[in-house]
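Each of the two complexes below includes chain A, the first together with chain B, the second together with chain C.
Coming up: the complex of A and B.
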């Protein structure tokens, strides 16, 4: 009996779902434009960039780390993709590969500094955040890259499903969530991430190569930031060196709202997806209602504290 | 069960909402940020005009200066809410263009307020200060005050590449009769229109050349920072600061003698004209086009011969921000 009770979803994992449903119902009563397939598709499209970044952020936070450099990595990735394709005339696919590679390398640098020099992730990524920002500005001359080839904008295109037009990029985001969900749940490397986050020393003693796991996690997160860069390019239709400046805190917000513990070892990417959607639904719903955007910031702040408080409360009881 | 109730309630009230929403036209206003008093005043102007015409006004803003993706999201949400006219102060003059193109393709009239897009015809119309003229007014003023006395100029600019910053900078030099690259320009620094950064920039300029006697500033916060730096160096009496904006804080600084002259612009008017245009478009389907100059006035308490200016009393009446 007790065993069964334990397997019921905890308050921490149900809380975000409830918050999302309550918010959705509330907005449906407040704006006649909210409750439509088209609007939901729009919300998904608006969160696809931060949504993919938040997957990488979740992986890192699961190891009890944190990544402040994610938005800047994405910005550099999007400049590399667009500049390589537009200025050097590289084939768009090749330019995308270069962008993904650059972002993965940034992840590798973060991972190497965290494991080999044993610096705290907060400090490492604070440093790389500034370094990557500066490189992005210097490399782009702080200029937006325009006139992109169509191939780079594919994930911003839509197809119709009945009355609703759906953006290809949102499908990519959802597919990545599914993939990482499966990876974390059902594969040995995925379980190792939880083990390292729970107790690094214990994980090492059971024979897990913890350093290698950490470096791989940071690299995988970097690769995901590269995908986010591609999505950002497709969504905006430009390479914008000023982009990504708030994505680090936005993604951490989503991860925390989704019930993942900042102390590592506990959390899911499905929770993060819900966290991302909560922010997106509030932004969309409050705009539809005609509420000034500063209230959206206020609400997000309150929700973050509620989410962490719930997590602390349930964790202590368990 | 509860969930089902919730959904049922949601559907019911949605239906009710649909009936209630009459044919009220909707205008969206998207500013760079929510916090700058310039945009607060702009919002006030739009709200007042919306009230007079009985249209619904939606407002949104980027999180910070340069937050393009936040502005794109706001455009999409406003179109979803049924806005037929969008007024926007573009944070990034180039990056916003594809999103505006999409909006216009859906029949939305887009008017840029305060800052142009690049290219300028990416919007239906631009309601803004003539920033070249604003720069020129304070340049001419400085030239009149200096007479033939040699100038040693520090220029506290916005940041590289922004069209407004370039227009004011070039206008000032033109008005002052100083060629670009002239030896009279002893220092150029980016202030980002920010007081703290303006102060740092001025400190660095003074290090470079302690004989500076004329300071051009992109806006009044940067001017306030420059004044602080000059005061700390004991040079505030002999150096003239000129600026652009006409915010209440800035005009008070003109009155106090910290800033010699400022070129005042009118954000409230930009937004009010924008809402008016939105109403006309909703009623008759007629779009505005081209550039509308919302005016600029030189404000100073030390009027110069042959230079048109108004005193700070006029400036304080017409200023934006906290009176």
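Coming up: the complex of A and C.
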């Protein structure tokens, strides 16, 4: 028995689950509306955009990087999708492909700057965040894009499961989590992401093309931001150039709360999903309790610092 | 001196490497025989690490030639050397500490599942990697209970074992070990020496870089002494004293003054 002990989930990976359960139980005692299928579905709907962005953010943080430009990439993606469809009359599917492409290219730019010019990811993405924001404002004229074709709003539609209505977007989010979970756990390129984040020089010496891994990670993250853009368009029913302003910090919060180390090489996308849900449950629960939203921000801030402190103490370089 | 060439597996002639005004290798020769443990020793600045880096592909020499199995080779990177069957265990081990032993053994060379999943989606065969890892570690008599534990949970000697096992799992010709016992205690150091012997007994040639003279004398079949960017002598540890060896290494003694049977 004893040698199986290390296979049990560690306290670090159980922590987020416990936090989620404690928060859930607490809010269940505070509001009779909390424990209902409809409310859970609402929480999932509220987190689906940041949830998909957080998958990309997880991939990048696993490589010991960070992405501040994710929210702005999503905003530009949603403007491209809606404007291409509405202004140019492009087929909605084609417009979506263009949006995904633009976001992937932003990721490629980030990856190229990080690997080829060897700039720190924090600075690179701080720069691209502002550049992409400016492009979004210039291209959209800071105007919201309305009158969208129905096809673009598909993921905002719901279907009924018993008494609960569920949006297709949340299903897409959960499917993406499942897909990336499998990719990270069971494929060679997935394991290489961990190796590059854990010890990049060792990964290089074993023959892994580390630069290529990094660029692909930033591109895949960009593609996911594009999907998030589609979800955001579907959820809000408009292309909003002012969207995505808090998604970078929100996604980093979720990733860190989910137990992924900012030092890279450790963490899971399932943890991130739990991190996303923790933030969602806190926001939802506090709202149901009638707590002003400023306090929600306050609580989120405290949670992040707690999570980062845990990371520091458990994974500090020996 | 070294007349035997039939069983020479890896050799270098007249290697030169300069860094600005500093000449690290000044026409160095090198010769490794099949199935031997060759220790490379030298004072700091003797060009020992430049020599090893050239042999392992980490440094490209300015001039000179290298022959592997009698054929000329040019390494542009450690990966090139690896493709030729030369594996290097670096002093800092180059492992991914958060990943499991099995994963570290197969890092960059994962065993993929048979069929479409492996071919198109690069899905790894975890079971097979685990069983191969167990088989390989047992071959080398490295006693570690579970291959699915993270490398960071291991002791220094066990980590060294993992790094050596990784290199021997894939080396076809040569394993280069850079100071494998430097950071270890007595017991673990002996364990690693035992492991190096087993690697040689499996038919691989070993190049051992070490500052630890007792270890070198305990394990090496021959000792390559590097001084001022050149190979000054290759000695037989059975017929020379440790103090004479150190004297040659530091230049206090001339290699020509050694008795004939001290050379190897």
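The working rule: the second predicted complex is superposed on the first by the 308 of 318 C-alpha atoms of A that agree within 3 Å, B and C clash if a C-alpha of one lies under 4 Å from a C-alpha of the other, contacts with A are read in each partner's own complex, and residues count from 1 in each chain.
Basically, a contact is a pair of C-beta atoms (placed from the backbone, for glycine too) under 8 Å apart; a residue touches a chain by one contact, two chains touch by 3 or more.
Quantities reported herein were computed from a predicted structural model and do not represent experimental measurements.
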_Quick one: is A:125 in contact with chain B, with chain C, with both, or with neither? Answer first, second, both or neither._
neither
*Given the touch rule stated above, what does A:110 touch, chain B (first), chain C (second), both, or neither?*
neither
*Which partner does A:167 reach: the first (chain B), the second (chain C), both, or neither?*
neither
_Which chain, chain B or chain C, ends up touching more residues of chain A in the combined arrangement?_
B
*Under the touch definition given earlier, write down the residues of chain A that touch chain B in their complex.*
21-22, 24-25, 28-35, 38-39, 42, 45-46, 49, 142-144, 146, 232, 235-238, 240, 242-243, 245-246, 283-284, 287-288, 290, 292-294, 297
_So in the complex, the part of chain C that touches chain A is made up of which residues?_
78-79, 82, 88, 90, 93-99, 103, 107-110, 112, 121-124, 126, 145-146, 148-150, 153
_Contact footprint of chain A on chain B as seen in their complex_ = 3, 6-7, 9-11, 13-14, 17-18, 21, 34, 56-61, 63-64, 66-69, 72-74, 76-78, 80-82, 91-92, 94-95, 97-99, 159-161
*Okay, in this complex, where on chain A does chain C touch?*
3, 6-7, 186-189, 191-192, 194-195, 198-199, 201-203, 205-208, 265-266
